[in-house]
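Dropping the structures in below, format is structure tokens.
What follows is chain A paired twice: with chain B in the first complex and chain C in the second.
This part shows the complex of A and B:
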């Protein structure tokens, strides 16, 4: 495993990795408030993608249910803040409530899956069923009897009007919107990136890779594979929940269609395209793809979805390790034709693709 | 005596749910059971069958023939998809699943652009009959029988024909089957086409009873997944009892608590079944045998 990671590490020196973050930090200074709000929108989906990348790229668990936790957490935030919105503290408690619901549900479903020894694509079907049933459930909550406290669920039209996050400030609480909301998302993202890199490059990540490559061997070596898979599943799903809560805060709005079949495909597309084995690449790729589909949606959402579908198909057929790793590998091959080491690294990567 | 209509009403609803679960799942179950591929474009093959049926029936083709055309069109689409995409991904299971999802997305959205949000349907044939205070659609009462007939046909296909023997040999051990001279790649194409064709037939059979919209496939997808998860990889010994059990649960819950609890009951059943019997009901049956 060490061998296959070497080429990508050496190609991207540490200094180079911080450049996108620095650019991201400076962006709100050069664009207007509205655009930074849009940029925050592009970034907030990355949590969900990072969660899937950790599950899929490292743990070998292909979950189609990121959107289930996205929706659960978004709705929880909405329900909580529509009922309690007196102080700044309660909006943050709403965020916490969203995450707590995600953790609880992910633990329950993950327990059923991994302790029931479900494997491979079956995990995908089960998680997809969960999110589709949640969508069906939320879509039919239109009647007035579907209310939790003050919060009407509103069926297919979705729930709206929840209060944004605020922080205490001298001279009245400050609402986080546009640039300040962008910084909140960015700081959270940097924190998640740092924690995930630390976790996945450390013993936990290596154990996950060992389980992905050969579960039986890992188990013989004394690894409790079910516990590790459950842990990464809960972690990944909770990150999906972070995206959901932030999305609800961003637009003060959430609908059941965020849990539908089309929405559920999005995290898979982002992660598959960006290269599921790199957390940084996933963040970058997701932000770019969301930005791209947002711009294309001006001409009609169908075009954006067709393009994303086509990208996914091409990636799966031509560049299974992801578009970004594919491009960097091709560039590297071009730049150092004579070097033998690169070719060796490429061969290693190729061998690895076959298994996943 | 009002009991007979009431009892028949329950039987009718059970039959309706059973037919829906079986028909929704069959195409998916064939492809999954034989090839291990979860075909997420399943709903789009159903849509394809339904659209071809409706268009043909409107042009004056008799309905049974139009349905056959729908199934054949879906099977041909299946051949194309298998040749162009799935074929290259047999050794990468996850990627084949993701690729079918991409196909589903492309086809669905293209249909939205080309055919618009919905097309005018055709009426349900055969009219209705009434029993006591209830009125039942004859067509929907016949559907469970058609579902059983299709299951029986599949049984004959897999156990009594040359194709069936070869296909089962390929599932058991593709390498040895190939060494013995079977063209496994051709078998895979045929099997994928069979699954797609069955999905198309489902769409064709349900075309007269629902509005045709490009996203209609997703109405079937949850039921299809649920039946396949509960049934396991075995097409006939798995899907049939799974659909039977699920239909009983769904009918019971729907009759007492309404549609929503029927759906939630299905999901809870799935989660309990995967915890207790990860290989599905089909495995239980084959083990007992």
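This part shows the complex of A and C:
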């Protein structure tokens, strides 16, 4: 009988999974400060993608709302730090404020979606609508009347001038930028990866898969489906918020276009391409795709979008489970063929020995 | 004897169609109650009213003396009901071990020996790492019964547990159910297969046209002319 394991990064040898992390840890040692900053930019989007992978890959909830929480958290960070920036820990409180707003709004929207029994494609429509409503609202806030304390929202001109994250240091607070900001993002990402793997490889992840595959049966195991869906939705959206806050800190700037239609499609493209059932694959794939887009954007942002679209099309047709699970599966197949060949070779040798 | 489940004047209509017409029904602890009836008798609707998938139009379902009218399906499970569906409701992307891990987790029993015991008891030891989508129909049925049993219910509902099984598998399932009953589990089984019903039933309830036609020990029910007429389609 065919024996198959769940398609996930857990299929990868554990040692192999640590290699990308080790490379990531060493990168700032071999590149200049500016490149470290750019690498931090590539990594910070992965939080949003991981959130979507948990929602979509495990819970079967396809949300286009990651960018809404990205924007909400980014703007919240900006509003907070433009009003309170006297001490080093206020920038960290700003980060906390961004995440708190994401959690609160995600809980409210998630409650309306799941307790309102909205299902399937309609969740995508609702979340996309939320994103576009937020973008439209923020884009008309150019006037001076649109200010919260010292923070001008500034419409399409964008909100800027927020203070970066700082930590206390002998000789004065240390600003986290370039390599130090890169390490902050990387440490957060490793922590999120570890927590998400622990969560999704355990009973919570199994419950989400059960709900995705057969909600009626899951309910008959005593599972409160709506509560679990709400939990993973809030978790995923909050990770979208982490990306938004880190993005705002990185560039000290945020505009409504980060919540636009193109931006809303990006997490879906990254996750679908990387492999929505693989958290490690999603992180690696997202970082690589953002890096590729950044490099192509030098020649015009439209080229990056065309290439991403083409990659998505190829992946959906050739490897619907995502690129990294596909590559992992092919490598395993190759290695099992090689080991079969070795066994076969060994058997031939024994036969030869038997003859002689 | 303790009454586990009771329905009082249970009615269900869909628009003008009256599917269940005032059923009074009771299951006591320790029984294997088989619910039989011809196609269209209302067995499935009756089953769904008890499990909470449908809401009664009139009447009530009482479980352990508590009215279930406003209790959600997942809350009924937590109270001690457990259900195996007619069509195997397994999760195609999970293997057998993951299914049982999940159901044991819901039962707050994470001991590895419980899982091994279940695998052995339900003859699934050789399929531990097989994805549910690759199991045979009979094994899917057993897996679903194993999941339902692992929740350690007070009352287990089995909707056509041997549908699509071979004669050998049907007999093995019957023996399994008798062993579960001997261990103290109360069961309500909705079933068509009379050979299987004769193998397991302690009491039988016959539904006809959405009403309760007969209820009693197996031998008494089989001896009744009206049952033979409506269910077996013959006059004695």
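Assume the second predicted complex is superposed on the first by the 320 of 356 C-alpha atoms of A that agree within 3 Å, B and C clash if a C-alpha of one lies under 4 Å from a C-alpha of the other, contacts with A are read in each partner's own complex, and residues count from 1 in each chain.
FYI, a residue touches a chain if its C-beta (ideal position, glycine included) is under 8 Å from a C-beta of that chain, and two chains touch if they have at least 3 such contacts.
Computed from a predicted structure; not experimentally measured.
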Inset, instruction - Applying the touch criterion given at the start, work out whether A:118 contacts chain B, chain C, both or neither, answering first, second, both or neither. - result: first
Inset, instruction - Scan A:216 for contacts with chain B and chain C and give back first, second, both or neither. - result: second
Inset, instruction - State whether A:109 touches chain B only (first), chain C only (second), both chains, or neither. - result: first
Inset, instruction - Tell me which partner A:203 touches in the superposition: chain B (first), chain C (second), both or neither. - result: second
Inset, instruction - Would you check which partner chain A:305 touches, where first means chain B only, second means chain C only, and both and neither mean what they say? - result: first
Legend entry - First (chain B), second (chain C), both or neither touched by A:137: first
Inset, instruction - Check the residue A:128 against both partner chains and state whether it touches chain B (first), chain C (second), both, or neither. - result: first
Inset, instruction - Could you pull out which residues of chain A sit against chain B in one structure and against chain C in the other? - result: none
Legend entry - Residues of chain A defined as touching chain B within the complex: 56, 62, 109, 112-113, 115-118, 120-122, 124-126, 128-130, 132-133, 136-137, 140, 260-262, 265, 268-269, 272, 300, 302-303, 305-306, 308-310, 312-313, 316-317, 320, 353-354, 356
Legend entry - chain C residues touching chain A - in the complex, by the definition given at the top: 51, 53, 73-74, 77-78, 82-83, 85, 89-95, 98, 101-103, 105-106, 126-127, 129-131, 134, 147-148, 151
Legend entry - In the complex, chain A residues that touch chain C: 1-7, 203, 206-207, 209-210, 213-214, 216-225
Legend entry - List of chain B residues in touch with chain A within their complex: 36, 38, 43, 85, 88-89, 91-95, 97-99, 101-106, 108-110, 112-113, 218, 221-222, 225-226, 228-229, 259-260, 263-264, 266-267, 270-271, 274-276, 278
